[in-house]
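The following pair of complexes shares a single chain, chain A, combined with chain B in the former and chain C in the latter.
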Partner chain A sequence: MLDIENLTVHYGHSVAVSGVSLTVGEGELVTLVGANGAGKTTILRTVMGLHRPTQGSIRYQGRDVAGLRPWVRSRMGVVMIPEGRRIFPELTVLENLRIGAYARTDRDGVAADLEKAYAMFPILRERAGQIGRTLSGGQQQMLAIARALVARPKLLLVDEISLGLAPILVDEVFRAVETLHREGVTIFLVEQNARKALEIADRGYVLSSGRLVLEGTAAELRANPEVKKSYLGG
Partner chain B sequence: MVVQQIANGVVLGSLYALVALGLTLVYGVLRILHVAHAGVFVLGAYVGVLVYLPTGSLALAIVSAAVVCSLAGLIMYRFLYRPVLGRPPLVPLIISIGAFMFLEDLYRLVMGPYIKSLPVTIRAAGFETAAVRLTGYQLFIVAAAAGLLLGLWWLMRGTRLGLAWRASAQDLETAAAHGINTDVIIGVCFVIGSAIAAVAGVMVGGYYNQVYPSMGSVPAYKALAVIVLGGMGSVPGTVIAGLALGLAETLTMVWVGTFLPRDAIAFLVLILMLLVKPTGLLGRAS
Partner chain C sequence: MISSLYLVTVVTMTCIYIILASGLNIITGYAGQPNLGHAAFFGIGAYASALLTTKAGLSFWAALPLAILITAVVGLALGVISLRVRDDFLAITTIGVNFVVVSVFLYFTFFGRALGLGGIPRPTLFGYNLQKPQYLVLVLAVVALVMALCWVFSRSRLGLMVTAVREDEIAARCLGLDVTRLKIIAFVLGTSLAGLAGSLYAHFMTFISPYDFAFPVSITIMCMVVLGGAGTLWGPVVGAVVLASAPELLRFIQDYRMLVYGSLLVLLMLFQPSGLLGMGSAFAGRELRLAARARGRVNQGG
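Showing the complex of A and B:
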């Protein structure tokens, strides 16, 4: 579904990502783990179209999307849960969700997906009329997930979904990602919390200083002594 | 005397609000200070002169000015600002100041350096009591401003486009990633902001019965004061700040007299505001 080949991205004059090739197959949950600043977010943003690659190709559903603007990719089914949640702070919960479904024209489908989002996070229904910035961090993350869900993603890009959340909430948001995966959404998950990510992923890649250093099934990576030492806390 | 000055202040403040709105809309989505916006305001006034003098129709003058200025605003976005999006804010700012100076001289070259008159007459009756007297034209300015602001409010609060617009103003990148064509939204901001400035240009030209190349300079810096006062990017803040500035200017005439040049007041208020609440009336620290 997603094929990245030899991707190099610069931030200003420094190289953020260098010669990365990876694939995410249809229906797979693939994770990209690595330390803070390894370039994970840059890769995700480049797939979304928020950042221009210096070199390399990005193919989505077999089509080269490198020249397409972010909203075009979004309408093709590429949806992102951005790092730091990035909910719209002055919009209500419901308005945030409306933005998620903005490009869709199937009213019935949107209504059904809205129900699904509320069923997943009942607190959002209670807070539907509340302004986004007044939600707690955990609720904002739920809103960011729900906003992506109502876009009916084919490829969901998830960026550091557990960052800054209390452990109990970390479990809840990971469960939500797993649920979406089980329903057939292809997921590309970028995560510092490698332990959690490798628990739910099918396959994984390890990124270090902008380069891929390891890849394998989630089980292989969990068992890898190098990964254990550097990313799973020994 | 005081009531009369309050009425005058509301008229003046409505005009300030209309001119500053374009700046607010553009700043809201792009975080660019669109100084050349005042040049669009002057263009509106000149189109008003060119259409009103032969036809005698104020409505036609206003509509033509709005159409021409919308296009001008769109062209500025496409060819001046869009190529430098993502550069440090100083780059578009300098481009914008340069464009403003270019426009002033262009008007001087094409239309001549002298004042053109715009002798607008309006059939609406004025309003007169013992304490206050408003001409039909003044009433028309306030009514038109109120109508435009209400229309804008409805557009932002009551339509799908408005929802996308507010989202884009809050987080342009995330809006784009959620299927909103932010290029179109930005274009809409330039079109609407420029059209409103055009209306203000014709009305100001008619109010003082004069249109001249540098008539945008004072509005340019006052509009900057207004958007800072209102809290950068806040539409209701801009309206309140515009009215407040109009009132402050006319009321100091009453209480302080002409000891203080009127045009200095905008900046005195601005300095006070920055000392007390740097984020402006309705602004929020980001």
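Showing the complex of A and C:
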């Protein structure tokens, strides 16, 4: 579904990502793990269209999307949960969700997905009329996930979903990602928490200083001594 | 008689400022794009309407919509150019736009140069020439229409999407909103209202000159929006009423007028930075409650 080939991205003159090739197959949950500053987020943002690649190709459903603007990619089914939650703070929970469903014209489908989002995170139904800013950090992350859900993505890009959350909430948001995956959404998950990410992923890539250093099934990576030492805490 | 005519003038000008501030509120309040050149579009509307009536011989009723259209087209062109940059860069760009537009009025004979344009006719209705008091009734009706429009906008899907762009551009892009297009739509809507205000102003004053639309006027409009509460429906109205009438009400202190006026602005921004009707204001209770109730309805509607 997503094929990245020889991708290089610069920030000004410095190289953030260098010669990365990876694929995410239809229905897969693929994770990209690595240390802070390795270039994970840059890859994800380039797939969404927030950054221009200097080199390489990004193919989505067989079509080169590297030159397309984010909203065009979104129309094709690419939706991203950005790092740091980034909900719309002065808007209500429901308004946040309505913005997620912005591009959709199937009213019934939206209503059904809204129900699905509320079923996944019942607290959001209770807080539907509340201003986003007043939610706790964990609730904001749930809202960010729900907002992406109602956009009904085909390919969901997830950036550092566990960052800054209490352990119990980390479990909850990962469960939500797993649920979406089980329902057939293809997911590309960027995560510093390699342990958690490799628990739910089908396959994984390890990125270090802008280059891919390892790839394999999640089980392989979990068993890899190198990964264990550097990313899973021994 | 003189004093009542004076009152009519103050109220009419206040109404024109309400339209200007409400237009700027769409751009800066809802869409979050700083525009410090709003007076330029006020001027374009005024000059367009003045030229269409005095040189092209159109009636006010034909010139008014054309002036709005012309301002909208210029707003679209300048919006497409200016909105490539954001935040402080956009603020500076729009200041530049204001200076350029005023310079064009000043240096081309077609626009009357420093002498301005005179002899702009008052509208006629059913064969009657509208004098200042009757004209005020017309202006009040337009203000009511503009506020209805702003109300619809603030409750609409478009209004919600535009607000999302203000709140978080990156998040909006991640969800597939065409951020650039939404900004341009807001810019064109806001500048169209400035064009409307310009036309009303030209036919009220019957004489216009470039400095009526200079940079300080943009600042005044921005102050009205910020003082009243940017991004609220009634904030700009309150801001316009307070700031347009304050210099008149403070006339009794004569030379100290601008000193007191300026100090009031400073104090307000220190203690109520989100504006009179903004978040956390003692006056905001009603507005926010109303907003919450309206949202509750939307929520139930699912």
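Assume the second predicted complex is superposed on the first by the 234 of 234 C-alpha atoms of A that agree within 3 Å, B and C clash if a C-alpha of one lies under 4 Å from a C-alpha of the other, contacts with A are read in each partner's own complex, and residues count from 1 in each chain.
Operating definition for what follows: contacts are C-beta pairs under 8 Å (C-beta built on N, C-alpha and C of every residue); 3 or more make two chains touch, one makes a residue touch a chain.
All figures in this text were calculated on a predicted structure; none of them were measured in a lab.
> Could you tell me whether chain B and chain C fit or clash when both sit on chain A in the superposition?
Pair status: clash.
> A:129 contacts which: chain B (first), chain C (second), both, neither?
second
> Looking at the overlay, does A:53 come into contact with chain B only (first), chain C only (second), both, or neither?
So A:53 meets neither chain B nor chain C here.
> For A:138, select first, second, both or neither according to whether it touches chain B, chain C, the two together, or no partner.
In the superposition, A:138 contacts neither chain B nor chain C.
> Applying the document's definition of touch, where does A:74 land relative to chain B and chain C: first, second, both, or neither?
The answer is both, since A:74 touches chain B and chain C.
> Per the contact definition in the header, classify A:111: touching chain B only (first), chain C only (second), both, or neither.
A:111 sits against chain C, while chain B stays out of touch.
> When both complexes are superposed, which of chain B and chain C contacts more residues belonging to chain A?
Of the two chains, more chain A residues are contacted by C.
> Go through the superposed model and pick first if A:204 touches only chain B, second if only chain C, both, or neither.
neither
> Just to be sure I read the superposition right, which of the two partners does A:89 touch: chain B = first, chain C = second, or both, or neither?
After superposing on A, A:89 lies in contact with both chain B and chain C.
> Is there a shared patch on chain A that both chain B and chain C touch, and which residues make it up?
48-50, 69-71, 74-75, 79-80, 82, 86, 88-91, 95, 98-100, 102-103, 147, 151
> Which residues of chain A touch chain B in the complex?
It comes out as residues 48-50, 69-71, 74-75, 79-80, 82, 86, 88-91, 95, 98-100, 102-104, 147, 151.
> Within the complex, which stretch of chain C touches chain A?
The touching residues are 157, 160-161, 163-164, 167-168, 170-179, 231, 292, 295-296, 298-299, 302.
> Which of the residues in chain B come into contact with chain A in the complex?
Checking each residue of chain B against chain A gives 160, 163-164, 166-167, 170-171, 173-183.
> If we count contacts the way the header does, which residues on chain A are in touch with chain C in the complex?
Those residues of chain A that touch chain C are 48-50, 69-71, 73-75, 79-82, 86-92, 94-95, 98-100, 102-103, 111, 114, 128-129, 147-148, 151, 157.
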